[in-house]
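Please find one structure pasted underneath; my questions will follow.
As written, the chains take the letters A, B, C and D, and residue 1 is the first residue of each chain.
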Amino acid sequence: MHRLSFECDYTTGAHPEILKKLTETNSESLSGYGADHYCESAKEKIRALCNNDVDVFFLVGGTQTNSVVISSLLNSYEGVIAADTGHVSVHEAGAIEYTGHKVLTIPHHDGKIMPTELSDYISNFYNDENHEHMVFPGMVYISHPTENGTLYTKDELKEISCICKKYNLPLFLDGARLGYGLMSKNTDVSLADISHFCDVFYIGGTKVGALCGEAVVFKKSATPKHFMTTVKQHGALLAKGRLLGIQFDTLFTDNLYFSISLHAIEMAELLRTILSEKGYSFAWESFTNQQFVILENEQLEKLKEKVGFSFWEKADDNHTVVRFATSWSTRKEDVEKLRELL
Amino acid sequence: MHRLSFECDYTTGAHPEILKKLTETNSESLSGYGADHYCESAKEKIRALCNNDVDVFFLVGGTQTNSVVISSLLNSYEGVIAADTGHVSVHEAGAIEYTGHKVLTIPHHDGKIMPTELSDYISNFYNDENHEHMVFPGMVYISHPTENGTLYTKDELKEISCICKKYNLPLFLDGARLGYGLMSKNTDVSLADISHFCDVFYIGGTKVGALCGEAVVFKKSATPKHFMTTVKQHGALLAKGRLLGIQFDTLFTDNLYFSISLHAIEMAELLRTILSEKGYSFAWESFTNQQFVILENEQLEKLKEKVGFSFWEKADDNHTVVRFATSWSTRKEDVEKLRELL
Amino acid sequence: MHRLSFECDYTTGAHPEILKKLTETNSESLSGYGADHYCESAKEKIRALCNNDVDVFFLVGGTQTNSVVISSLLNSYEGVIAADTGHVSVHEAGAIEYTGHKVLTIPHHDGKIMPTELSDYISNFYNDENHEHMVFPGMVYISHPTENGTLYTKDELKEISCICKKYNLPLFLDGARLGYGLMSKNTDVSLADISHFCDVFYIGGTKVGALCGEAVVFKKSATPKHFMTTVKQHGALLAKGRLLGIQFDTLFTDNLYFSISLHAIEMAELLRTILSEKGYSFAWESFTNQQFVILENEQLEKLKEKVGFSFWEKADDNHTVVRFATSWSTRKEDVEKLRELL
Amino acid sequence: MHRLSFECDYTTGAHPEILKKLTETNSESLSGYGADHYCESAKEKIRALCNNDVDVFFLVGGTQTNSVVISSLLNSYEGVIAADTGHVSVHEAGAIEYTGHKVLTIPHHDGKIMPTELSDYISNFYNDENHEHMVFPGMVYISHPTENGTLYTKDELKEISCICKKYNLPLFLDGARLGYGLMSKNTDVSLADISHFCDVFYIGGTKVGALCGEAVVFKKSATPKHFMTTVKQHGALLAKGRLLGIQFDTLFTDNLYFSISLHAIEMAELLRTILSEKGYSFAWESFTNQQFVILENEQLEKLKEKVGFSFWEKADDNHTVVRFATSWSTRKEDVEKLRELL
């Protein structure tokens, strides 16, 4: 019997449609480094969805994308503002600092930054007499969904975007799990909104059905000069760019990206219902594919034997927050089976 | 009719066996970041071939591998010695310098460095009264095959290795096209030799049948501490490490890596015979999958219409050196067709 | 009438003895880059005071010293732990991050870090399942006196040092104002203690009577290889090293460094007494040359017209914390004059 | 008897006028970090001499200045073009690479770059099909006088400047020994010319009479945003900025900078005449304060006992090139004494 696995959203391979397409196109002779027609077609599809004058680039993974995008937008004397729980703040092994830039943290609220706190941070900086001896805020980083599975509202995005415009700071949205955010039942934010409010964002592939790959979308006015050379310099340019082009072309054909994201959301909703019914409580509310459950430590040990989930953080000496994640590949029967196991 | 393509060795996708394996294993739930059993199995196979106490890591691409390996081995005051034509010297958009290190160049001879010139460079450095104001040589980089398709002999490798040992400099071999070097009809260098003489080298996947991926092999004594954290910091750690593990596991099952490399060599030999018979001359001798042909500029323009090859360098005002590359996917019938076109 | 100036401890030039010595030795022909006999003599005097097997180097300024020392001790995957108010955390324009390293902050307590919180931070790091995706703690930075003028006790230093030893982390003490710490009436910490407990520290010159210059003291076992080359690489190596050698040689002749520091302490004590008598209250207790006073905002505006001090931080909407600093050059008559002005 | 010393131009302290001024102003209470009236006065004097809309900044040393200026002007994907003998290329311990940028070398001609070779280098770069995988030329670095003591003509400067303008590359002139270039008997280049043709240059203090200090002059249009923050980030901002302001204010009062440079030139001319008369030959012609003499190795050993000079390079197995340098502090009687010793 196979073990139930809710550890994360990258435990399985790629959506079968992607593998099929990779196989079908395998013997085509294509130019390297992203100059092939699949990349072009994928970019066109994404540009169309963004209702916007944008440039699209394909990179391999999330940390890489954050590091390349952030370092290409900041001046040397600038840092990036992020939530103290932001992926760039804690879980990228110092990838941002490695490029010479400080991550300037502000407190998170279930993973999100608050517009007023952002605004205060920046105005305090400029009011400080010694700010010329400090790291200038150079851009703002948010994730959507956040690491906690939470989502910004359209109003919040708008407010953050206004603050960024006021101070001339690019707004960068990390969309490693963007599909799951867009398909949430509890969001008023569309892809067009994101494209409108952000100067740059990325559409996560790795965690939404691809083997690897993130599609970076820059407002044309924000695209760094010679960005592909910067990508190469960071060791982030795939020789066989087709691997990314074909995957994203497939994901944005027939709305595949959205339909598989929706499936993950439905599985997460089902999971949440089951857990609630069984009396489990949640560390905070999430309407995306990640659910954060508070377990007694004993309960945790027992449950661990039957089902896979991941440690999130200690709640107190006797309780632990754990994460259950669904994905495009989660099977309904597996979620249902959980009901029996609890 | 499809156009003949000899531009490079990464125009097609992956060896079909790889796609088959990716498809078969697709729904398996596996741990991320390389902690899956396919990665482990692939590593074991490579370790066995290296007859040696080695650690194996999988990275995504060549420039990335060079950048991560070199920066993880150098002290901050050190640079890497390389041929002035070395990939790290000219064609990686400054990826090494981006990590803070100088590439210290010595002259190439058809892409290779000469042991005596290497030795002179290092001893001259230490004899210079001002060397404390200069960049210390911290390691040696060679490529095998070189960018020019040439190969070191076992004796040359041994000599270079001796010089490195004398000065306590790690020797790093860039094997982006290693398979084509090992299967050359004109080499006395085996994989075990490379593993013996080098402190670190990589077995190229991208150009030898994989969609992406390079297998880095460190002598255990040379493996940098917390190397995976460094890989993460460089944005080089794949979440779905399976993509690399499965590919290398396939390549090192039933000698696939070697048999497909041998095929490319045979196609290159045939190509060379045909070109010779037709009276073409070569810029230098190569016994690997890349052949460098001197064309009159007019001839070049005509040939370009019928067959794909790539510009290498100007020979003189009327002549140009161009590169023909074969690969695991080159079809004999295509090479034969070239005979008719010339 | 000259304006009273308590803004900081670097408003005047050098101790007259230093200028005298610079003038006397001016026409001597000396080797560059620190290879002169004044540097050697100064180093010897410092080594003797440290009762210890140490290496001494002279650098130009504080931020430079922090940046060179920290980056030369850390591995690329490591960061430096510091108080969130530490100079390296906030007031060095990202100099540490510029070298590729994260400053890992823990809460300050009047500028100091607490041993238990340091210990918890490190053990939590190693207990975190995901710590391989995080920045490794690679050394500990403390300042003594702190930016808040406070001092560690000998017991605290010992505890911090034990924690560092347990985890094999170098302990670095920023002594930009070290003289004022050592001469405080309220300390049990000697220079020998600092040399014993720290792997590296620096004796500040710029703020204690020199025109510029900081003396870095490494335990021999902690001295980075080829440190002078690293200093050169950071643009921190003075051609006329004599400028630093002569200054430190003078400061460590006849206990000048200590006697001028003691004078500053006595002036600070007098200042504190006067301010107390006049009913001013202090933001926190300091027994060094910096005193932090809480002023009503109106009071502040008035006082500003008569005497120089510096803004520290807002206490609340109506109150502000300001800093009064004395130095080796503060005149008793000026402090007394303050009594009349308040 | 004191030993004759022609090793370099930084063996003595500062011009006495500077020490006098430092002493006179010593007890003045001044703002830190360059915000004092001496800095302002010095800047004004330099601006006036440059006949130009320029910004002036004071840094501490030459390598530091090169590193801060170059890194603040380059985009991350760009490198700096320099002669292969340029100070930034070989004798700064990799300071430029440490900031992430490659030094792109072209051949030197007695220390100078040739306009046609510069032009060819850049146009070849843009003609290369693969140039997006290479380091973009981002600025041009020249030294004047060069490391070999040679000087550009006004026509050469103009040509280089034209090439830079054509490709929109800032031109940076390293004037570590600028005074000695301007006062050469054999130059048609004035300070105003340099200010006209260069986007940024620096007026060397360390080697022309100061204890330390270089005055960086940017065309206003080329001044990097928040340059002082970048200076701080590099650890290059002196707390007691007065040390630099007072020195440069003195050097640019009553033409001191020029008159002491002229003295050095006259001493070098005398030295050259004496050496010529005695039958010594020169490695190349220099009309500045450095003279490069070819010695038989035996002759060298003997001469070394009586007079200080520095090793430059091996000429052949039996001959060596050595450097004699004069400075503002060279005494005529010492040069005359050399006549007797030869």
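Everything below uses one rule, namely that a residue touches a chain if its C-beta (ideal position, glycine included) is under 8 Å from a C-beta of that chain, and two chains touch if they have at least 3 such contacts.
Values in this document were obtained by computation on a predicted structure and should not be read as measured data.
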Chain hops separating subunit D from subunit B, counting only touching neighbours: 1
A-B, A-D or B-D - pair sharing over half of the B-C contact pairs: A-D
Separation of subunit C from subunit D, taking each centre as the mean of its C-alpha atoms, in whole Å: 33
Intercentroid distance (Cα basis), subunit C paired with subunit A, Å: 42
Approximate Å spacing (C-alpha centroids) for the pair subunit A, subunit D: 50
Numbers and ranges of subunit B residues touching at least 2 other chains: 76-77, 92-94, 98, 100, 132-133, 229-230, 232-233
Residues of subunit A that touch subunit C when the two form their complex: 76-77, 79, 90-94, 97-103, 129-130, 132-135, 311
Residue ranges of subunit D in contact with subunit C within the complex: 2-3, 5, 7-8, 10-14, 16, 19, 22-23, 25-32, 60-68, 92-95, 98, 206-207, 211-212, 229-230, 232-240, 242-243, 308, 329
Subunit B-touching residues of subunit C, taken from the complex the two chains share: 71-72, 75-77, 100, 132-133, 136, 225-226, 228-230, 232-233
